[in-house]
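Note sheet for the following structure.
The chains carry the letters A, B, C and D, assigned in the order they are written, with residues numbered from 1 in each.
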């Protein structure tokens, strides 16, 4: 039988779209239940020390605190916009901690948790949201590329980078993040094609947070996203995106697989965007509170805390210290952002070209002269 | 087990590309063997009368003759270019005869056999290759869209058209043709996504003729192309593209399936481009003669002739008449093309806009005046 | 009621509603245009009233949106496509310039492509990268497309009606920073031609030509200049392809000086086309070279710099002074 | 041997070979660039000599080609991408203008994007649709890109060397109808700056400015005009972003008349930009408006009409006459 069949929908013309079913319970890799219980998975064993568990917990708590602080700063007018990762901490910390220093990470605009794992100062993430730059860190410092806003583009950059890694004979791997919405972009499909054909050491990490702004995943696909990979000739797996251990284990395995010359892999982290798409968004217009409540019960931080507490891996002092560390982080973020200076106006003309461009030089001069004319006027 | 795994390549960085293996024998739907024997397939039964068999044979013979004539005309300088379908007659005639008059067809630039089935006068196909127009027929006359040169674009047009068919509540279907190379284009992937999400009545007919100009299919995918569909949530099937009966049966089934509201399907017709990519191409630079010889043994016309002869479905008179008909067609094509006039130079300014455009009007007038100035000079 | 005071975004919404009501073939397509009503709420309420079959939330793929819109147009529909922000039109650029723009000609007129592509464009809204660009020149250069941009609510309503009724593809650029600007819209008035410029302020010393968001800036500049005793004429071009050169010429032959203002980068922008053509048409009338005020040859800067980057009152007046100094 | 007589296509091939030899980070990528050596044989023999790891046949997906080239550049490679024909660059347009052009600025200079995109462009080769377009304006408008086009074999060789050595993305437009034009190439000469125009014929009555395939046409026009006693200066612009306005200005201040010639449509084309800026710079020097000769606002026509459509000798001379008549 050569037909690979999936149950077709019986209606036509998108008529079904209104009747959105609540997300079912898909088959997914899970190592830690919402109740905080460790479970095993035949393909993805993981050994984590209590210290590592505390570390993952700390990462998630600090990330969430930072994220919350950023949302507040936006409300206070210190940022123009903020894209919150609330609810996606496990997907980001688990996958982020799976990568090695020599691996390279290509994020979207929401990977604050991954950035944290890579060692990017969270304050630097805020520059573009404040409007003082379009990318406020050196990508090569932490092998963490700039945030990419145009959906899906970075999947190709990651693939190209991975092709380069393979050419160099290095044993590093590359990881590209994108969302459920992004899976529809032609660029992501082309990245699948290129990575498969060149057997590039790249892992595609799709955070399916159920929504692309106001559109549910059903508007992007009618079968689970992890299945997309198979038709391109590499494996796909769905992981519980709210389970930091599963995300860590699966991503580590995928990166190792890539590293060892076995090519690309797609990970679909099944998670939920607990907040608005960005601070400009109003999700009450398109989704029901009950859905959010359902996912609240699966909170990634809470379940790890339950494990830590049940197993006695962390005591009150740990949680108290972490609380204090969170407060300190929040304060530092707040203070630094509030005093983050506007760029010099002449920066408009900086870094457009590495080797210069006559027109830029001319316009820079004209602009400077124009600005000087006001200064002259004022001083007169 | 949630990983959908495929055997990965063990090498990296495209190093494997040099060692192209001869095409294996993939699992494919076949109803007529290269030796001309009818075989059955559990999913695709077909009942064809001797008359229908003769009809399919006639279609293929006339198409090949027309195609050969066009190649000759190109060599004689009557056409600027020709893209031959040699070897792909079964894929095109089988699928072409599967569509109903009310279905709509979106071709690439090589679907001369499909055009024939749709009732497009072959002479009209030659206009763009001669350089007298960019599309020489009314698409709505035979529900056969214009040839599309930019690879993959038409897959989206077909999907949109099919969305419209569904909106109209019509029970027609749409078929989009493209090649193995085209499968890498983002537009084709997006067409898969849209057609699945809207459950559009569209059939994707990929003629895998093993080559995209000089690049073998391994440069586009590392797994069989028909498998691509599954990850988008609809079925894919590989059919013997040199078997006109299998192509007819599978395409008919897919169109009926679409018609009845079951959505898209991908057909990979496994065939071979026997000639050059176009008359500008030189395949000796990139492929071995032996490969061609291998495929010659699978010739689509020969195998049907064997069946007709063995079963006594056609006599000498039939073949002789067909020969005469071929000659007549060739002569008509030759004569018509040779006298095909160049377009009037003012046609440069025609049909750019349906509702007119001031600048076009202005430039048309200037051009006319400029031309007239020569006439004046000459008449002086 | 035929006359209403509406914001530009509400006028566009009303125009889409009228189109959906009067022509069953009109469709709205785009990302988040349904329940959300678009990120600017321009399509607010339309899916509720006209259903998911006519107001279509699409997958996140701009080439797919425009490509399927072309197919729908071939089937007899009149899709009105929304691109969420200016910077996100480029994944669809191939379908727009290679297919949408050329298919009517390719078919020798046998098929028509009545597709409207609405693009909120321009800066000054404090947004992140890719949300503030002005790419109109990249469409105007391409034959087969028409390109327009309203500057006020009445035009927003009527020009969209006309764009939807046109059998040609129309790129309809919406001045997003002016979405909230309100004006009276007469939905029963008979509009003038879609591609005609309009004198929005008469003057004698110099002509300011602009479109979209810069019309208001030019009007403010003209008001400020008046206080200094300079009489500026302001022309709202409204259409960028075609450009109503006759009206510009007529104005310049009176005022003898022209400054063109747009947000888009000056280099290869509409100002160059206008300057070249008007200089050719008015060579003996011009007392000064046509001057251009627009964006620099730079990526749109981070928002804290956009006030410095964007042409504002002062830069317009500076160019006016320079032109008058000749 | 340092001096050889080469065709433009062979000169490009030689330049690619030099780059592959001298810098192990240089890669060639594109459709059919390997065994076939490209549809124009420009990359002939390179894969054989440098291997599949450095001369890479890519999947058929232009966005993928440019997108992965960006990634390779981030890894330290210097990809030289071939787009098979002008009309096939648009699927990659988003990656080019949104990513390639802006990433250096986005990163505040921390990353460099030394990617060259080679595009055979222009008409007059009797080809089918999409194989004869001149889209340079669509790239020149975009900050972050450099755009050049050689007109002869020596420039073809050296400008490509310089483009590959540049740390900026360069769009390198190859005048495909001139691929077979031969000239002496000195591969040891020290070249002038990549973005400088060059006077290729001196004259006193009028300046013809062109680039790529039209330089030869302008030289022929100048020769023909000489027989009528008109002395035309011909400027090979070589670079379209930036444009060497200083050299044009210097020439026009001598000749006082300028005609700009390109194959691309005039509307929003480079001629407009040049006319606007030169008129501003030379307002009191110009005896006539800057005239433009180029393509019409029409899709590139079927090949049997291309001689009528393309600017040729006659149309250039017609414009010269009109300019001289002022």
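As a working rule, a residue touches a chain if its C-beta (ideal position, glycine included) is under 8 Å from a C-beta of that chain, and two chains touch if they have at least 3 such contacts.
Please read all numbers here as calculations on a predicted model, not as lab measurements.
Across all inter-chain contacts, the pair with the most C-beta pairs is A-B. Comparing the centres of all chains, each the average of its CA atoms, the largest separation from chain D belongs to A.
Separating the CA-averaged centres of chain C and chain D is a span of 31 Å. Between chain A and chain B the centroid-to-centroid distance comes to 42 Å (mean Cα coordinates, whole Å). Inter-chain spacing, taken between the CA centroids of chain A and chain D, is 40 Å.
Chain B and chain D, compared by their mean Cα positions, are separated by 35 Å.
The set of chain C residues touching two or more other chains comprises 53, 58-59, 61, 63-64, 87, 90-91, 94, 98, 102, 105-106, 129-130, 143-144, 241, 267, 296-299.
Along chain B, residues 13-14, 133-134, 150, 163, 167, 184-187, 190, 193, 197, 219-220, 352, 357, 359-360 each make contact with two or more other chains.
Residues 1-6, 8-14, 16, 27-29, 42-43, 163, 166-167, 183-187, 189-190, 193, 196-201, 218-223, 226-238, 257, 261-263 of chain B are the ones touching chain A in the complex. Listing the residues of chain D that touch chain C in their complex gives 87, 90-91, 93-94, 97-98, 101-102, 105-106, 129-130, 137-138, 140-141, 143-144, 241, 265, 267-273, 275-277, 279-280, 283, 288-292, 296-299, 326. Looking at the complex, you find that chain C touches chain B at residues 53, 58-59, 61, 63-64, 66-77, 94-95, 98-99, 102-112, 143-144, 146, 166-168, 195, 241-245.
Partner chain C is touched in their complex by these residues of chain B: 133-140, 145-146, 148, 150, 153, 155-165, 167-168, 186-187, 190-191, 193-194, 197, 350-355, 357-360. Within the complex formed with chain C, the residues of chain A that make contact are 13-15, 17-18, 80-81, 109, 127-134, 149-151, 181-182, 184-187, 212-215, 219-220, 280-281, 285-286, 342-343, 345, 347-349, 352, 357, 359-360, 363, 367, 370, 373-374.
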